[in-house]
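Consider the two complexes below, in which chain A is the common component and chain B and chain C are the respective partners.
Entry: the complex of A and B
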């Protein structure tokens, strides 16, 4: 995805030497034209869609992420289209007051969905922690379509 | 010599993991890493007060009153002065900015190669595991890799792993029985905990682990034990062990 964010076909990565991963994942090795050392290259992944959960967004798709953004930012740059789900909707003037706090610029975003508690039963630091019982309930329900539907209607009535 | 009855395998392992850390190092841990996290907290309170800790939650040097239960807990951000994204962490590691990392493994072989991918024949695995995350890269860019595993059996410590997920800068493997390190490219037993003889440990390992150098005995100090128990009052260090031990 880093390669996709840069619009290049592959990303050289250090490591992987002597492991079984390149063979099973079909990773090619190329000769670094400068040092002449071998390096593995990972092909670009350009998803059609990225769905990213954020803490605050406006209706233009500008978004703030508190806590670590994890892989969210590289996903928003790699994907062709981005859907944000957000804990809170804020007026755009809040973003204009502190544009340097915006982590995802609205120009990358196709749609914004207001979804408070949208990361449940997982965590959304610093707003809320993992819900271990919620994860157990999800795992019990995930085995069948009917149970999953029940579960979803319970957690998001 | 037997283990003093009030010292648990989780505590012996935490102390052994902590003692691998040198003061001043940049140390990182991944998800689901209770013992490694507690070991870093212990080292920071004892012999490695100036270590830099980067957690999987992205925080640098969190101030924690106790060991959090989940890798995703908001508590990990307490007192931290910077929060990294995952690509920022990987870029730091790939350019050589991380000294030490703690990794798990399903199997470890005589040459110190780690399997986190599958059990059985690679084409038709009996068990498919969740994979190595970034281990294949990290094990070759982080200077010191320490592996821990809360069980020590012949099925885990094998002559050759079923699949090589990662290999590289392995420094030590910590188990409930002791510590293995590479000597001349082969893992050998260098330290043992009280309660298991070197021969007993060798019998639970599927490759020869006895080397000509004597096996040291690791015993926690009273201070180490007291501090680690204070850092983990809810005994989350037991979470990585089979229930009802």
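Entry: the complex of A and C
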């Protein structure tokens, strides 16, 4: 996805020599034209859709993520289309006033969904932590089709 | 002096309406999930139990999406739930676990063991 975010067909990856990973993952090698050493390359992956939960967005899809963005920014740049779910909707003028806080530019975004608590039962720091009882409720329900259906019908408002 | 001719709006024409606020992109959770077709290659934000789009994942499961192919370095609840609901055909991942006291990702593991999903694991 890093390669797709940059619009390049593959990405050199260091640190794989001497492991079985290139063989099990079917990775190709190319000759580095500068050092003339072989380097493993992974192919570009361009998802059809990236769906990312953010803290704040406006109705154009400009978005802020507080704390670590993880891989989310690469995902939004790599994917063909992006959907954001957001804890809060803010007016666009808030984003215009602080453009340096915008992590996802709206030009990449197809749709925005207001979903307060949208990461529950997982964490959305600093707003809320993992909800242990919420995770356990899922784990109890997940093994049976009926229980899972019941879980899905009652967990969201 | 020659007045420049702009692509939009002639001289003296009020062009302020060209700058009206663009149309809102906000839609409902159900409408957003319907944008994802069966068989789509998808990726979800967040790392393990931090900030996945969990409400969206559940809506995909309620809509009984099928054949999804997930690529994500470190899924957890999202991949496990979609495996439990039969939505996933293929997963390309680095690591998946519920972490700490919650243990392994059991529905994902069972789907791999039963051969109902194809796994490409890159850790």
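As a convention for this text, the second predicted complex is superposed on the first by the 155 of 157 C-alpha atoms of A that agree within 3 Å, B and C clash if a C-alpha of one lies under 4 Å from a C-alpha of the other, contacts with A are read in each partner's own complex, and residues count from 1 in each chain.
We adopt the following convention: contacts are C-beta pairs under 8 Å (C-beta built on N, C-alpha and C of every residue); 3 or more make two chains touch, one makes a residue touch a chain.
Just so we're clear, the structure is a prediction, and the values are computed from it rather than from any experiment.
Colleague: Applying the touch criterion given at the start, work out whether A:130 contacts chain B, chain C, both or neither, answering first, second, both or neither.
Modeller: A:130: touches chain B and chain C.
Colleague: Please indicate which partner A:111 is in contact with in the superposed arrangement: first for chain B, second for chain C, both, or neither.
Modeller: Touch partner of A:111: chain C, not chain B.
Colleague: Tell me which partner A:13 touches in the superposition: chain B (first), chain C (second), both or neither.
Modeller: first
Colleague: A:139 in the overlay: touching chain B, chain C, both, or neither? Say first, second, both or neither.
Modeller: Once the two structures are laid over each other on A, A:139 reaches chain C alone.
Colleague: Could you look at A:21 and tell me whether it touches chain B, chain C, both or neither (first, second, both, neither)?
Modeller: A:21 contacts both chain B and chain C.
Colleague: Does chain C touch more residues of chain A than chain B does, or is it the other way round?
Modeller: Looking at chain B versus chain C, the one contacting more residues of chain A is C.
Colleague: Check the residue A:83 against both partner chains and state whether it touches chain B (first), chain C (second), both, or neither.
Modeller: In the superposition, A:83 contacts chain C only.
Colleague: For chain A, which residues belong to both interfaces, chain B and chain C?
Modeller: Of chain A, residues 21, 68, 70-72, 122-123, 125, 130, 132 contact chain B in one complex and chain C in the other.
Colleague: Can you list the chain C residues touching chain A in their complex?
Modeller: That would be residues 21-22, 24-29, 31-32, 35-36, 40-47, 49-56, 58-59, 61-62, 71-73, 76-77, 80-81, 84-85, 92, 98, 102, 106-107, 120, 122 of chain C.
Colleague: What residues of chain A sit close enough to touch chain C in their complex?
Modeller: Residues in contact with chain C: 1, 21, 25, 45-54, 59-61, 65, 68, 70-72, 75, 78-79, 81, 83, 85, 89, 92, 106, 109-115, 117-125, 130, 132, 135-136, 138-139, 142-143, 148, 152-153, 155-156.
Colleague: Flag every residue of chain A that touches chain B in the complex, lowest number first.
Modeller: My answer: residues 2, 13-21, 24, 67-74, 122-123, 125-130, 132.
Colleague: Using the touch rule from the top, collect the residues of chain B that touch chain A in their complex.
Modeller: Checking each residue of chain B against chain A gives 57-59, 69-70, 72-77, 83-87, 94, 113, 117, 122, 132, 136-141, 163-168.
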